[in-house]
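Lettered A, B, C, D and E in written order, each chain numbered from 1.
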Amino acid sequence: CTSGGGSASTSSASAGAVKAGTGTATMAIFGSIGPCLMPNLTNNGNARAVTQCFGSSLLAYDEKMDFIPSLASKYTVSSDGTQYTFDLRKGVKWSDGTPFTADDIEAAITAMTDPQTTTNWITYVSPIAGTSDRKAGKSATIGYKKVDDTTFTVTLSAPNASFLDLFGTQFQPLPAHIVSKIAPTDLNTGTFAQAPNVTIGPFYMTSRSGDDDMEMARNPHFWGGTVGLAKLVVKSMTETNGVTAILAGEVDVIPAESVAEIAPSDVETLSSNSAIKVVKYQNSTCQTLYMNEHTLFSDKRVRQAVIYALDRKGMIKTVLDGDGIVADSVYPPFSKYYDAKVITKYTQNVKKAKQLLSDAGWDASKTVNFIVPTGDTTVTQASVIIQQQLKTIGMNVQIQQVDNNTAISRANQQHNFDLTILANVGVNNLDVSRRFSTAAWKTGVNSGGYSNPQLDQLMAQAVTKSAFSDQKPLTDQIQQLISQEVPTVMLWYRDSIAAVDTAKVTNVVPQRGGAWLQAAKWGSA
Amino acid sequence: MLLRRILRRLAIGVPVVIGATVLNFILVNAAPGSPLNSLVDPEAGPAVRKQMAARLGLDRPLPLQYLTWLWNAVHGNLGFSYENDRPVVQDILERLPATLLLAGTALVLAYVVGIAIGVIAALRPYGRIDAASSVVGVLGISIPSFVLGLLLIYVFALKLHWLPASGMTTLGTTGSGGLLQHLVLPVVSLAIFDLAIVTRYTRASMLEVLTEDFIRTANGKGLSATRVVVRHALRNALTPLVTLAGLSLPSLFGGAVVVEVVFQWPGMGQLAVNSVLARDYPTLLGLSLVFSILVVIGNLIADICYTLLNPKVRDD
Amino acid sequence: MTSNTIEAVTAVPATTRSRRSGSAVLRSLLRNPTAVFGAVVVIIIVLATLFAGVIAPFNPDAINLNLAHAAPGHGHLLGTDLQGRDVLSRLLYAGRASLLIGVGAVVVSLVIGVPLGALAGFFGGWLDAIISRVTDVVLSFPVIVLAVVAGAVLGSGIWSLIVLLGCILWTTICRLVRSIAIAQRDADYVVAARSLGASDLRIIVKHILPSTVGVIVVNAVFGVANVILIEASLSFLGLGVRPPTPSWGNMLSDAQSLGVLAGQPWMWVPPAATILLTIVSINFLGDGMQKALDPRLRNR
Amino acid sequence: MPVLEVEHLSVTFGSGPDAVKAVEDVSFELAPGQTLALVGESGSGKSVTALAIMRLLPQHNSTVTGSIVFDGKDVLKLRRGELQKVRGNRIAMIYQDPMTALNPSMTVGAQIIETMRSHGIGTRADRRERAAELLAQVGLPDARARVDAYPHQLSGGMRQRVMIAMALACEPDIILADEITTALDVTVQAQILELLAHLSKERGVAVIFITHNLAVVARIGDVVQVMYAGQVVERASTSELLNHPMVPYTVGLLGSTPRLDEDRSDRLSTIPGEPPNPRRRPPGCRFATRCRFHRELCDAELPPLVQAAEADVPHEVRCWGLVPGDGTGWLIEEKAGELA
Amino acid sequence: MSDGLLMDVRHLHVSYRARRGQRLLAVDGVDLAVGEGDVLCIVGESGSGKSTVGKAMLGLIPASGGEIGFDGMDLTTMGSRALRKLRSRMQMIFQDPYASLDPRMTIGEIIAEPLTIHHGGSLRRHRERVLGAMRDVGLVPTLIDSYAHELSGGQRQRVGIARALILEPALIIADEPVAALDVSIQAQVVNLLQDLQRTRRLTMIVISHDLAVVRHLADRVAVMYSGRIVEYGDRVSIYEHPSHPYTQALLSAAPIPVPEIERSRERIVLEGEPPSPFSRPEGCRFSSRCPLRAALGNPEICATDDPMLLDVGDSADHTAACHFTRFAPTEVDGDIASLRLHPHDKGEKEL
């Protein structure tokens, strides 16, 4: 019985220093939040910042991206890597005072795997045996077993290296005593889903009208210690408005948790205001330039020419105002899998790029159709730079701006593009097969259709290893191979930028990895 | 008589509304992209996608999808928004008042102020007020509303702190807290273009009417100057403006899209942008239904005003 | 009614000078100072954009990541934009796209709107009913929907914008032409033409359409201005001219970030000022044209 | 005692080289109950004279000089408030074109009542009653119902009668009637002339009757004043003028009028040419270029308006050919033979 | 006078679509025959349908009943293409010369338009003919490049005439050709029309309400009242012996520029308005206003029977639509008979 996990004493989330104040803070989310605020069930990326305030996960990461206890005080993994047993923290209560038990875990799994609900995060639980069948509408027993009120076991259909990253740190329980009374069809959209008023996180929702004026109140029973703010208001707005609003004193916190972020050109404006603190932290979202293997980029030399042509550092400097790092590896530098020694680092080298192109016999008369989604100005700005830099090596790139939705269709369904930029929202996880496996051309986000049996095999192997020491040799090979083959040009990992009006709110310290707002610690000034 | 006219107008509106929604439906479906793209994470895999498509009824043939929508719409059910998963009616009803308030206030502002300036300018053509108004007029039609909006925010919200920068009500307040202050900047940004146009038209129309013989008749009767201007000149000068106003309504709703985005105004403009970008068909169709009904109503109101102002038409 | 005032007694000038309308229009324009101003500025702008290749100090698309968003100076008269491109050069080239879209979209809208309006107004009846309803449908269409769809289907190129905006803007011109056609179809001189044996087509082409020219010119002028603004708004929503092609609109839309608006005015003031100047001049020119095109107003 | 004395009235439109002298040095007086007919062709300044009396000329581009004395005061010097009391109340004008002179968006009743109200006549109910009476008085059929009609619901003749009723509303001392019968049928025309004659006879209303139809003048005028190119060229009592026209223009005018009471002669006599461009009128006699009898003097100098030498009743003429003196008066001899 | 009939209108009915779906019967059964080279004048009350008859004869508005024979062809059954062809043989001169000229065309283009319509080509090709036509109507050639607003009223009407003449039509219909003109110009145009008619043996139909002009121009006169012809005859009969009470009233009301005659003339003043074209009375249209009927003690027949055009009897084809007119000279009360217009007698008596 191999075991991982930490002791219950190193609780990371609790902070004794926080006093229960009467303060209110207003938080701006960029973009629409969508109706569903049920953890695990919302399909909206922008909603994450809100659901984080409502929920807690079983485990969390520390600074080194190692697991630390959260709702679970301890976990054990069977030697074959298929059975995980979690011990739940004792004395935890939902915001209405109902005790938190293993039933609440089951309730959440059941809800996510109900054929009548939809969720983008099915991967959190899909390694568990029987879940896929249940979701597909076949009768199936799920590999979940309640041992007692504070202990449960899940059985996986196969060993899975990223199970803890997903089920452990992303999955959140749902209140069984509430959810069991809700019809499955209402789980995504019912009243409770839209305004969860029984939560396990630092806040619960008190009122909501549409996308605006969501109001949350402090959870008196929060397990992680006293919540600093009495009230938290959430408002969805556009980037410019958010920046304006915080400058005008109408908003107190912009938590870099939405899909759109504070524009680099606004950082200076914000910083120039003495009350506003700009907080930057590294993020695992990778901006990626996809090259279509099925049209013009089947030749590795051409792909390498592209990466040599680009000045990614320069781009980060101008487009992101320096707030980001060049993406050298599929694993972000703060990931435990990242290893600078095994990867090839590319810097701009126009001569070499030209050489590679001519070696590959590139036909300069061809136009390269570059699909650029609108919405994120850093992307549209970068696309122009990319176009110009590729022009210098003799690639005739034509930009076609389309809305994001169209871009996704053209990239993932129709594969009708030569170049395109899309973001890969990263989760700390060794499994990158959705981005690079042959199968993922049809089913994942391997939009360019890169195919390499060796890589396929490495990725498949790595997933089955649950010990870091077993994983490391494989992930090293994976990142090395990917950096050599250049299936995509990974442009950068952009820093998340949060802004806080320190005159109103204190102690906003987001954690690296972009995972946790730690809103429980916020206090009012 | 008037009632029959109204009813006829409304009957004529039915094909317009249906036409607008059909066209809308065809166009959004002609565009690449799918509602699934924003509902299903690309990394979630095709199974989830398929499940979602079935759930939304997107796997059925297009004409059937539209007809189902129409059938339900006729019965008062505009369906559920894909994005917000709420009844579209609810979404629209929540936002319609905001847009109506914004566009309506802008319309009133543009017409009341525009007519007033136009009349003053016409009474003293080539005078100082006339010159000033034409300068403002030129500025009004040459500055994009988003630039004006941002400038206004910069000056009045950030520098002078006189007015709030965005939103419709002050956060945390309930009801209509600070609504008036919030209304000022967006309304000004939205109204300025129409205001310029209205001023120009009023001036031209007034100048023309003031040369009419019946104005001379009125003066010759010994009426006061005010009465001549208001009762005789203005009333007749308004007729062409009514037609203009009928055309203004749709264009104001169009303009509101940008202004709503700039000022974070919780109206239908933003909803429209979002629903197009997300291919939220039910919301889109609902909106196009509402827009076309508004156009029909706008036409109708213009028509009625026209009839009331113009006794000649009233008889036909 | 009968205007037996000035014209009736004005003795006929024994005209020997050339009366060909082309030169008469030109002469009338030249006599109008604001029109001359407008024309001169428009010509300067058009020439500047046409010869942008010669005048522009830099390649408008050339990025310089080391000199991004630099204030005027450093050899860049108007500074550089976010990607380090020369603002002045872009401004010059941007005129091409903006003016082309402005003029192109207006031409498209005229090509659609004028004949439809003339037919609807002249013939009335069911034809009028159908055309009017179609106009309503198009009017009740949020531009944004079309912009997204067109951008996705046709690509957000200049040509697709021209087609798109033309397909939206024809409604106004159609309505205007229609109302004039209704007013003119029973005019004495139209009845006269009919009594001479003129066919409907000839009456429309020779008599109705010329009488709409004044309105069309004014509307077209407004239209060009309007299209430039719409393109700017579409750029603001990310749906304008495709980069890296500069347009005044997409240059201006850089100002959508507050940082640029307040801190880097050189990026947006030049295009804004150019749009203003262009629209003002086009307006002046349009007013002059309207006068010049109508023989009755020409010599006033 | 005349009710109205017009002296040296001149009206200029615009300024500079394009200025139009629409009326030049016109003087006349008008006694109560008298009807002065102003004739002359289009553009000769008839309407402008009347509008100047009402002070209704556009202020921005017209200059009026001379004096118009009414009720002991110069109308041209009245302040706006005083002017308002005179207009419509003491002096009323009936305009040339009934189609456009009525406000299309007000009922005719309202337009009549408005006049009375602004001059404080009667109570609300009275005024309505009186409006109906006035309409009946001018011979509008079904007058009571027509009070609420809009102008477009009435025929041209009816509208003209409404205009007249409006002018009569405040029982003015002077009525200025500007070509009020041009648009009318002869039968309606007859009715209206009858009405005006009645008013001047019974109530002593002075009328300035503007027309270019000499036949109508024969019916209504006491005194006829012929205008040509802004000037008075001939003035006499109606029968004197129509029976013994002297100035070549008047003679030509009469000669070119086809007559109902004569079967057709072979051709109508005509006045060749057209009136001079008002912007570039010749320095001499305005009619010189069209005049069969013109001599050098006519081109050089403007003839004065003087009493005709050979007439024994008041008869003023403006023609060198009729002024006795050195080198002038050549028409006096010819007249007997040529013109009679 | 006439060699044969050029225009032969029978039972012409014309109605306009009026508001609320009603039909306005503007012309209600008109028969007219115009011989070649003849001048027919139509006079009558305003709104009686004169212009409508004129336009219908040219096929400019569709007839709702009856036949319009032109040179042996029936215009009412003709296709629009054939009708357009035929237009070259019949032309119109309009009342308001200014309104009938396209303000955006030069005089040359306007006069050349019939040629370009029927023979193609542009002004350049037809320049000589245009100049010829201008000469014929007394327009100086320099005006060819002017616009209508630069011309005087008389010149404008001459342009209209030149345009009508350039195709050398057989028939000209002139609708109030001089009504909008100045007194001194009116005579010039009347003379011109008369000269042209004589030199070219034109057939002319002139619509006018100026009875003096008509007396000067006409060979024959038709008097219209309320959509009908109420009296028809040669000029002399109509002016010397008007039979229909309406014609009599009309002639008595027309002024004469001799004060002595005017002041003493007695006029027949017509009370009331003509009947509405929507609902005309059963019997005679004029009966409600008819002084003759009043004088006869309101005979029943006037209110019940619609009178037909019948020979008056004093000359060939002088007809009138009145139940009593034939008896008028003998049976009518002396008062009314004396109202007959014999201006010369009367004027001389007064003088």
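Here, a residue touches a chain if its C-beta (ideal position, glycine included) is under 8 Å from a C-beta of that chain, and two chains touch if they have at least 3 such contacts.
All figures in this text were calculated on a predicted structure; none of them were measured in a lab.
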Co-neighbours of chain D and chain C - touch as defined: B, E
Remotest chain, chain E as reference, centres from CA atoms: A
Distance from the mean Cα position of chain E to that of chain B, given in whole angstrom: 55
Distance between the centres, which are taken as Cα means, of chain B and chain A, whole angstrom: 39
Inter-centroid spacing, chain E versus chain A (mean Cα positions, whole Å): 92
Junction residues of chain B, two or more chains touched: 31-33, 150, 153, 158, 261, 276-277, 315
Multi-partner residues of chain D (at least 2 other chains): 42, 97, 100, 274
Per-residue multi-chain contacts in chain A, two or more chains: 240, 244, 247, 375, 402-403, 406
Touch list for chain C against partner chain E, complex: 2-4, 7-16, 19-20, 187-189, 191-199, 202, 206-207, 210-211, 213, 294-296
List of chain E residues in touch with chain C within their complex: 55, 58, 60, 84-88, 91-92, 94-96, 98-106, 113-114, 117-118, 140, 142-143, 145-147, 149-153, 155, 160, 163, 180, 182
Contact set on chain D toward chain E in their complex: 41-42, 141, 155-157, 184-187, 189-191, 194, 212-219, 221, 238-239, 242-243, 252-254, 256-264, 267-272, 274
Residue numbers on chain A that touch chain B, as the complex places them: 24, 26, 32, 34-36, 43, 115, 118-123, 132, 135-136, 188-189, 194, 209-213, 215, 233, 235, 237-238, 240-241, 244-245, 247-248, 250-251, 375, 402-406, 408-410, 412-414, 416, 425, 434, 442-445
Complex contacts: residues of chain C adjacent to chain B: 129, 133-134, 136-137, 139-146, 148-149, 152-153, 172, 175, 222, 225-226, 229, 232-233, 236-237, 249, 252-253, 255-256, 258, 261-262, 268, 272, 275-276, 279-280, 283
